[in-house]
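Two complexes are shown next, each including chain A; its partner changes from chain B in the first to chain C in the second.
Up next, the complex of A and B:
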């Protein structure tokens, strides 16, 4: 009969968070980079100084050539990733933490607190922060990765804080927040149970974006010769550049290798950020 | 039937109403100007104070290091301190408050001290000002270009959403956006100049050939333009992505606004809707962003000017950092902040002028 198909129970739809291809590629790439950077140094032999094979192009001995001290570019690149990734993760997380703290308390408390915090944010936004960062980083000898990350995040929270404030302001109008307020659940519960969980996707995406910004800043600082940190990609790049490696095609591999590594890392982060934004916010997603 | 006011009375009424309205808008304008000026003064004071604290007041500060260096090079401690006082134009032996007041008086007079290492004893302010035109021109042109192109591309991407065009535009710029500007600059020197040899290396070092005289002559303009091609393209490319993505998202929210539907119902062509209705409204917030970005030009150029050896403020800052010339660093921080403050004030004024809703909102409150 004609009713039969209607009566047949539809197969229950399995719930799945369909991740977009962009997000997938980005995540896989990032995971690969993390694996190579943290496990690679255990597998690949440490680069050796070798005065006889300085600034060589790729060969069977040195797949990516050697730098101005005869060290193997590939081995250097494998060792240079962990410091960069650690820095990006710490700086990104700290930036987001400061921004969430300022942005959400500004929106939640409103009134005077809001006015004061936003004034401060605007002030900090108008200052040419990269220059101040450069000057401060060059006058204080920043020695550890963590303190550099802290310095970078002190300079990069304001934009995000404004966005978070706007987000909280719009969430505050929702019914479930109204309900919680009527139940008199207190600011801690409101912030950590009602507001922040609903902003989690946004916070994840902004943390990733802050990470790319931190890498930007670090590469810039290293290029100006400010940071005597470990041999990370930014430092490898600027040292090789300082040795005029780009003007000799054979030596150029010592500049190209760190450039390519930084670009890959940045690309993986940008793809993750864009991909997750689409995943969490299907309205942005392209129809297909 | 109520008596209608006669025409004379009517015109009198309108006139007084208009007068009141004009007075009110003048008061608002005055109040805005005043608050902008107040904010600028406050900001400038704040930044000057922060730089003073960083350079002078914190333990292990550069001035103390400088005095130590001088002493280590064979000067007696008194000589070293008086040398430092001469360079910074304030007495480093006075109390911090005294130093601060002296430093501030100098800043207000436009005296930012003299260079300590790069070109000893020449005043900092003229050094910076003489390099400003290069930076403003080179970054300004590229920024304007990238703004115009970026806004156009973003608009196209937004109105053709979900087509291959949209994917191409937004993914390409997201990818290019992820490459730090320095890397792109170095990469272009390497690929164009060394590997493919398309552009002679001389065109990527310096702002003009050494054999032309700077000034308004054809040889100089031509040489400067030729030297500008690669750095200009790098500036443009690296700042384009932000405009494209911002314009795309602004335009996408404007696409479904009521006035767009009305315009379509009135039978206007899609192009006219895109340019005159969606574009005009989506561009508004970006115009202020553009003004602010212009203010940041000075600071945005440090790294690229270093790669292309352009004689601009960024290059000066890079040199000052490499040689630890603190008076110059301090001066550049102040000048850049000043530029950003002016740009922000212009942006504020422009926004009120472009978007009448803001003026009305002010009047209502």
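Up next, the complex of A and C:
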């Protein structure tokens, strides 16, 4: 896929994306996590309850120790990733879609549509959204990953919508957009052929950032014990914490394993977002 | 009725800046016939680009009206509006900003052709796109079609943006400083292309430039208008304007343009202006907008009334009270004709 540089970027003479090391490391790390999470469960044996080896430190038998039920921490961690990644991808994509829809139509149509959509966005922005998310998630039982992702998206689009609106407003003044207007190419062409393709890099980066946010929110909700029991890192961390694992050196591994997993996933996403931002917009790179 | 393609009647445009109305264009009258080349010349900020953008429908005039084939463009509806929208196209100054960087040449040209059903089927589209590229001398067409704008040179990009404008078969083209950002070596060949398009398709062209020599070269058998601070101060056939400039501002422009090694004889002697700075639009001078700088300034005349654009001879109009009066004095017994009672704008 070819992706155009970020807004107002002076284009290099030859169309070549020289990917930054940050982006490369982030992408490799993320790919590894995806592979381990989706293929790992087929390779690593399912964790077994074992009342005789509860909260063990690392040993040759359990490389990362066991949890309060004697299950292997590594096996749990390998199984806990796919749910996180699926959630992040769905929530990130959905958030971006809603934001692009609202932000771009607000900027493109302007006038009353803009006023209405932006007031709605402002209103949504003033609400303490995480608290509301907690309230809604606990009253309306969130059973599936998809419905959790949808809920998170509904709460996280406003900031991005504002940024997208600002981007479209600036793109709208471009001469090539004016040329399309002179040729009467219509709003659909304008949005999908002239405006959005020129924001592709920004949208990609924003999607990755939304994924990061979604993961934080999931972990937060899981920690509060609102989410249903399911094999994922957020819940593993919450349960281990709830079993007072932080007070025993041997049991700490059952807390540290999911935490480290979450951190690695977040790190890979943050590095990707930052790295691609630099790749698309070389002016952000620090001069050496 | 007249046979004008575009007519501007007392067109004015003001913008609001810092809560104040700034008038960028005042009382501009202009008529362009089918197949005619008209140049608008002036310094930056004189309103020539604003005029072009109003003609292209990108800005609405604040006063007066613009007629396309004798119909006011602000009231057009349906098919007529569409005919105007496609009939008048504009070529931007900056060929690096006027082409979408994410689209290939093929997509850029195909969009207007298919949207307005100007081609029948795929084969016809391919043929038509190649025709367009050939008509602006952008070849080899097959190779160009697959390229992105950034893979083309500045001159090629400008040709592409002309081809894009031509795709909807316009009758009028506003070329807003269309060759100012192109290498000098390419300029003449693009201008020749434009002139050939005029000859082949009967395309009328409004050529906006700050370069009087270029305007004269391009519109050599057309007309040239000189603008100053939002007003048209002189309007004449290109040769006449250069040989026999009447307005002091036009004379100053000619005197200030770099010497043309081939035709030194028309070059007027250097002029001493009373003041070098162009007044701000925010503090527009009273009376004639040029009076604070004009070497022929006459107190009580130039700074009181705005001189209208008056035809001295057929096809040569000037907006200068002093010059018009001097001309009248030279052709009539002195004192018999007074400017204010005789000449109507």
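In this text, the second predicted complex is superposed on the first by the 272 of 288 C-alpha atoms of A that agree within 3 Å, B and C clash if a C-alpha of one lies under 4 Å from a C-alpha of the other, contacts with A are read in each partner's own complex, and residues count from 1 in each chain.
Methods note: a contact is a pair of C-beta atoms (placed from the backbone, for glycine too) under 8 Å apart; a residue touches a chain by one contact, two chains touch by 3 or more.
None of the values given here were measured: they were computed from a predicted structure.
Trainee: Looking at A:184, would you say it contacts chain B, chain C, both, or neither? Reply first, second, both or neither.
Mentor: After superposition on chain A, A:184 lies in contact with chain C alone.
Trainee: Touching A:256 in the superposition: chain B (first), chain C (second), both, neither?
Mentor: first
Trainee: For A:127, decide between first (touching chain B), second (touching chain C), both and neither.
Mentor: In the superposition, A:127 contacts chain B only.
Trainee: Just to be sure I read the superposition right, which of the two partners does A:274 touch: chain B = first, chain C = second, or both, or neither?
Mentor: A:274: touches chain B, not chain C.
Trainee: Between chain B (first) and chain C (second), which, if any, makes contact with A:135: first, second, both or neither?
Mentor: first
Trainee: Is A:149 touching anything from chain B or chain C once the two structures are fitted on A? First, second, both or neither.
Mentor: The answer is neither, since A:149 touches no partner chain.
Trainee: Spell out the residues on chain A that touch chain C in their complex, using ranges where they run on.
Mentor: For this pair, the touching residues of chain A are 4-5, 11, 13, 15, 174-176, 178-186, 189, 193-194, 197-198, 200.
Trainee: Per the contact definition, I'd like the list of chain A residues that touch chain B in the complex.
Mentor: Residue positions touching the partner: 123, 126-128, 130-132, 134-136, 138-140, 212, 215-216, 219-220, 223-226, 237, 241, 246-249, 252, 255-256, 259, 262-263, 266-267, 269-271, 274, 286-287.
Trainee: Report the residues of chain B in contact with chain A in the complex, numbered from low to high.
Mentor: 42-43, 46-47, 50-51, 54-55, 58, 60-62, 161-162, 166-167, 174-175, 177-180, 182-183, 186-187, 189-190, 193-195, 201, 296, 298-300, 302-303, 306, 317-318, 321-322, 324, 326, 329-330, 332-333, 336-337, 340-341, 344
Trainee: Within the complex, which stretch of chain C touches chain A?
Mentor: Touching chain A from chain C are residues 56-58, 82, 85-86, 89-90, 92, 94, 97-103, 107, 111-112, 115-116, 148, 150-151, 161, 164-165, 167-168.
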